[in-house]
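I have a structure I would like to understand better, so I am pasting it below and will then ask my questions one at a time.
Chain lettering (A, B, C, D and E) follows the sequence in which the chains are written, and residue indices restart at 1 in each chain.
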Amino acid sequence: MSDHADIDKTVRTYFMVFGALMVGTGATVGAYYLDVSVPVALAIGLFIASVKASLVACYFMHLIAEKRLIYWVLLLTVAFFIALMALPLLTSVIDQAGHFTSSGAPAAH
Amino acid sequence: MMDAMFPAAASEHAGEIDNMIDAVHYLMLVLFIVWGAFFLYTLMRFRAARNPKADYVGVKSKASTVGEVLVAIAEGVLLLGFSIPMWAERVDEIPSEADSTVVRVVAQQFAWNVWYPGADGVFGEADPYLTDEATNPIGLDRDGAGADDIWTVNQLHLPVDKAAIIHLTSKDVIHSFNLPNMRIKQDAIPGLSIPVWFVPTKTTVQIREETGNPDYVYEIACAQLCGNSHYSMRGFLTVHTEEEFQAWLDEEASYLGDSGTDDFFN
Amino acid sequence: MEIPYTVEAHPETGLNNGKIGIWLFLTSEVMLFGALFATFIMLRIGSDGEWAHMQAEAELNIPLATINTAVLIASSLTMVMAWASLVRGQLNKFRLFGWLTVGCGAIFLVIKYFEYTAKFAHDHFPSSNTYLAIYFTMTGLHALHVIGGMAWNAYFTGPGSKLFHTNRQWLTDRVEHSGLFWHFVDLVWIFLFPVFYLL
Amino acid sequence: MISKQTIRVCAVLLAIALASSSMAFGGTIVGKITYDGRVPNFPPLKMGADPKCEAKHSGAVKPETLVLGADQALANVFVMITDGLDGKSFDVPSEPVVMDQNGCIYTPHVLGIQVGQQFKVKNSDGLLHNVHSLSKDNPPFNRAMPANVTEADYEFAKTERFRIKCDVHPWMGSWVTVVDHPFYAVTGMDGSFRIENVPAGTYTIEARHEVERFGDGGALTETVTVGASDTQTLNFVFQGPQ
Amino acid sequence: MAEPVQASPAHEEHHHEQSFWRKFIFSTDHKVIGVQYSVTGLAFLFFGFCLMMIMRWQLAYPGEPIPLIGSLLGENRAPGGIMLPDFYNELGAMHGTIMVFLGVVPLAVGGFGNFVMPLQLGAPDMAFPRINMISYWCLFLGGVTMFASFFLPNGAAGNGWTSYSPLADIALNGQTAWLIGMIFLITSSLLGAVNFITTAVQLRAPGLTWMRLPFFCWAQIVTAFLLLLAFPPLEAAGVLQLMDRVAATSFFLPDGLVVGGEVLEVSGGGSPLLWQHLFWFLAHPEVYVLILPAMGIVAEVIANNSRKPLWGYRSMVYSLIFLGFMSFIVWAHHMFITGMGSVMSTFFQTTTMIISIPSVIILSALFISLWGGSIRYNTPMLFALGFLPMFGIGGLTGLPLGLSAADIPLHDTYYVIGHFHYVVAPGTLFALFAGVYYWFPKVTGRKMNEFLGKLHFWPSLVFMNGVFFPMMIQGLNGVSRRLADGGITYDFAGEVAGLNRMMSVSAWCLAVAQIPFIINFFMSIRNGEKAGRNPWNSTTLEWLAPSPAPHGNFDQAIEVTRGPYEYSVPGSDKDYAPQAEPAST
């Protein structure tokens, strides 16, 4: 990307991405005032955030045209990240004998 | 093979677990002997003095692959045939509370508070703010179902040949409820109430006869580091006949009748 | 002694050392923030529906946070523009965009400071409830990353930019790498903002 | 050589010092504390938790929640001056305050100690105890005392009332009050107390029992004015449920 | 092939005299840093060993005054020389922490990895020399913090090396210092891991393809990935626990806790299990961080001293990678008795059984590599051979612990301690000793004394087993670990308490057995037999450089033409063919 013509094109992309990110931010805040149910709000919010994050990663961080090695490393990280995200499920109610109680003593059955 | 090492077994499922540990150790022993024999022979046979020129290729046979497959199969058998079903029995097949002795154990630094539902068979409510270490360590609310509840410290009493379900929790830090004779171990985790069950098969009297030790007691040990006196967080399990157990419960209940301490404090 | 592939790319991987290094570092950052997000999810699941209540009690300032999001996104733009200026060989423009980036970081921190002090003034502390606990921990750790990124960028924009005259390619690469970190910090905020303020 | 004159001066000074210490330079506050109310029948302590403790007693041991002497005299009440001594400072006694662990019970059950005074915890039981202070202002300690560790020494820097308990034997508890003056007393089985050498002045006296439903969170207060060498009597009645 | 990059003659000009500080203290030379790591690691191993010996006195003679040093320990730790249980817990927690994070990891990864790997890669240095230096100094700061915590008013952390919450949250002792120390150590490991991976990816000499890489380098690469991806969750957990302790948050504290009879006034809402999951998410991979470099060293030494290629090199490498990958999804087998349901326990015991297979493959391959060799019994080889059966016992005893039903009576007993120590003490430590004896000539230019080396090995082998084998018996008897009196409170443990004395005596004898090593180590630096570039007639690249190697490592161009262990190639008159030797000769 040392070519001047190339870099000019890239810079135009940056501004477009910037615009998209700002729109995304507006949309997230807008969705907040929409007053939808919690699962829907979560879905919308996380979806917009993921789109924004992808834009940043792909264009600002040049991931869209990165070398293969980096992809492999990121793929590995994603695999372990998924294992990590399984963790809150393991710590809460899923397949945990017993149940959380609000006081130190067990709740009545 | 190794029964001599284990603490005397006194619960229904103890035999299964002991057998499994035996089986695993047989496997380990076989592997160790085969590996060891091969190893020692190799070290003798191929020492530089006897074999000055090494063989570039070495072993050509695929025997090791066969060995590895056999190990994998043995592990698979242990896993699918023993461990998984036995674990399922421990955690999924808890007997009905109606046919069992139901007890709560509330661990604390450094004692086991044992809590029985009393004559009505219903546990009362607990409120941490009612806790008084000397007179009410479990924070029991004596209003309502808690009026006849019984608590003891470090003294767990159970009837023989009847399933015991123990709901474990902790007041402060993580403890681990260890009944070596019953092959039971379960962490007591604050904020969680975890059921654990077993069927004691020998009364304290019987085990004393069997071991020839008139002072033999079933002990409750703490298996998880819980602070400076962790090492002496020792409780006692006494297994009675059904009648003796009732008699013991009645005696404990007799302290309740005239105490009248509740309205004194509140 | 020269370390090979500091500036020029390795013929096989097509990358220089710094690029690999920064990406590896970012993977560990992903796991760090990932563990905190996992904690967040666990606390939220375990809150028995109290979460919205705790969130409402925290008196979040959504307009300020929205401005902060915009500031951080803008700083990402100035960051890539700084790098693009170096690619074009425009040192002065690079400096301008570099300082703009640092400045945006500073604005972000100042706004954060007002948010924090407003919470403290209303007796909202990390110890108040689990929502505030994870809120302060994660935004605090993020703020530390912002400070780190600012220091890094300030170095290359200020004293480090002398490298322009001796090894322009190296400076360009280094700015690209510090940019990767900066964008990552931005990316984390893109999740923190909706997760803490809106959902 | 020490001259005769020096010895003479010393002798006179010594005489003055002796005289002043034996003379009562201040007033005395005395009184008796009684309990008025129903006496519940407390269940015995669960000493069965540790057979070694149980073996140290011949029968059931009652908790020390409410210890009464003859004529409803109330023991284990801590009486002290809480107000009126501002700006004065007092010497710290050199002898330690001792608390013993004997028969899996703390003796005494209620005690006072001055800031900076040595606090000696003894272990006469020959088994593991764990001395856990629940202090807030003073740094808390939590000392395990295994069988053959017989003594531990502490000191407190701030005034505070807190509980010391044994984590191994949860029923064991003792109330410690750290004060910055020597004007306090603990009632015995006769319910009486005596505070001596009080400088002339007007004071607030507080009597406190561990049961919080008594009085104001367990405390009763009175104001009293003490002259240079007189004796004031102050009786308190702790009202319990009827 | 073009002129190899490493051969740049331009580096001559950089060889001006550096100040003492730049050369030895704040050096950026990977070899100096490697030596710094190694010396720090050995010093902390020694310190951690001393902590253990004091503990062993208390276990052998509970409640009796500690001889010699008892009176020096102070009233808070040992009044009248009698050890308080608090101090025992401190020693236990710090022994674990120091041995794992400040002993083995700095020596195996920081020391050997730093010193050997770039040399084996044919690289002039690490990819980021300055970051390398910073990561050493982070470790150093972490070490100082840990060490200094013993002098805090309430002593060092005493909540086990696992620091389970809520105990660690509410403990009065130096847990805060422990957490701060850990954050330094984690930072050090993260920076090191970035450096290692980049170096291995970018700086391999021309011709050194992945399948020509020495097994030791593979082990370091996999280890670095484990550190890189597994440590951050512990860092997060450390930050959370620090917040719990310092800012009174409740990440690991549920509601309604009653501590010492008083309700703990925190907001609540957290989970104690979260700490365990985050901790073991690191700490299980950490076990492989401890063992993989050791396997790497053993592979090098065995190939060299059996004078033949490693058997099944490829399957070993694949097993290693698989091992690293699987180590991320077995962590909860440390938590079977936290109340796990059958779905989770089935998953984790299955993955645990699966992960045992690649370990078996690697160990078998090492055993089989000996067949047909011409085995030289020098000191490094003895230690490497000692590693095999000892690690074998360690691995095998993991089986009953990995099966949840068999784990019930064995969990948290001395069986676990025995198992783990067989893996890391006669396992990893023997491998590390093999590495010290093996690479000592490269560091100093001199060999270590063989007689003293053997005097070190044989007693060590005997006494290691004397310390750890009885633990298995105690464990089967159900004796819990971390008991400050060795279990004599309990009747059921009393039967085997007598073994404690034998174990303690073995431990002290083990200490005596290290004296020849210490003498040998210091003596050989100045008086050892002079070693040339390649005293062991080895094939890998590190032996191509001068001993000791200068800043920049190699004085010639390197081009790798063959695999790492081309010993006794048929048709060659020499019994080894160095990797960088032209193929046609």
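Methods note: a contact is a pair of C-beta atoms (placed from the backbone, for glycine too) under 8 Å apart; a residue touches a chain by one contact, two chains touch by 3 or more.
Just so it is clear, the structure is predicted and the values come from calculations on it, not from any experiment.
Trainee: Along touching chains only, what is the step distance from chain C to chain E?
Mentor: 1
Trainee: By C-alpha centroid distance to the whole-protein centroid, which chain wins?
Mentor: E
Trainee: Of the other chains, whose C-alpha centre is the longest way from the centre of chain C?
Mentor: Most remote chain from chain C, centroid-wise, comes out as D.
Trainee: Max contacts between which two chains?
Mentor: B-E
Trainee: In terms of CA centroid distance, which chain is the most far removed from chain A?
Mentor: Most remote chain from chain A, centroid-wise, comes out as D.
Trainee: With chain centres taken as the means of their Cα atoms, state the distance from chain A to chain B in Å.
Mentor: So the centroids are 43 Å from each other.
Trainee: Compute the distance, rounded to whole Å, between the mean C-alpha positions of chain C and chain D.
Mentor: 59
Trainee: Can you check how far apart chain A and chain C are, centre to centre, with Cα atoms defining each centre and the answer in Å?
Mentor: Computed value for the inter-centroid distance: 15 Å.
Trainee: Give me the residue numbers in chain D that touch at least two other chains, ranges are fine.
Mentor: In chain D, 142-144, 165, 167, 170, 173 touch at least two other chains.
Trainee: Indicate the residues of chain C shared as contacts by at least two other chains.
Mentor: 13, 15, 20, 24, 27, 30-31, 34-35, 38-39, 42, 46
Trainee: I need the residues of chain A touching at least two other chains; which ones are they?
Mentor: 69, 76-77, 80, 84, 87-88, 91-92, 96-98, 100-105
Trainee: Please output the residues of chain B touching chain E within their complex, sorted ascending.
Mentor: 2, 5-7, 16-17, 20-21, 24-25, 27-28, 31-32, 35-36, 38-39, 42-43, 46-48, 51-59, 64, 67-68, 71-72, 75-76, 78-79, 82-84, 86-88, 90-92, 108-109, 128-129, 131-133, 137, 139, 171-174, 176, 178, 180-181, 183-187, 189-192, 194, 215-217, 219, 221-232, 234
Trainee: Tell me, which parts of chain E touch chain C in their complex?
Mentor: The contact residues of chain E facing chain C are 5-6, 8, 10-11, 14, 123-129, 131, 190, 193-195, 197-198, 201-203, 228-233, 235-237, 239-240, 243, 247-251, 266-271, 274, 278, 281, 551-552.
Trainee: Quick one: which bits of chain E touch chain A in the complex? Just the residue numbers, please.
Mentor: For chain E paired with chain A, touching residues are 201, 225, 229-230, 233, 254-258, 271, 273-274, 277-278, 281, 325, 328-329, 332, 339-344.
Trainee: Give the list of chain D residues in touch with chain E in this complex.
Mentor: By the definition above, chain D touches chain E via 132, 134, 139-149, 151-153, 163, 165, 167, 170, 173.
Trainee: Over in the complex, which chain D residues touch chain B? Could you list them?
Mentor: That would be residues 38, 40-46, 48-51, 63, 65, 128, 130, 142-144, 165, 167-173, 211, 213, 240-241 of chain D.
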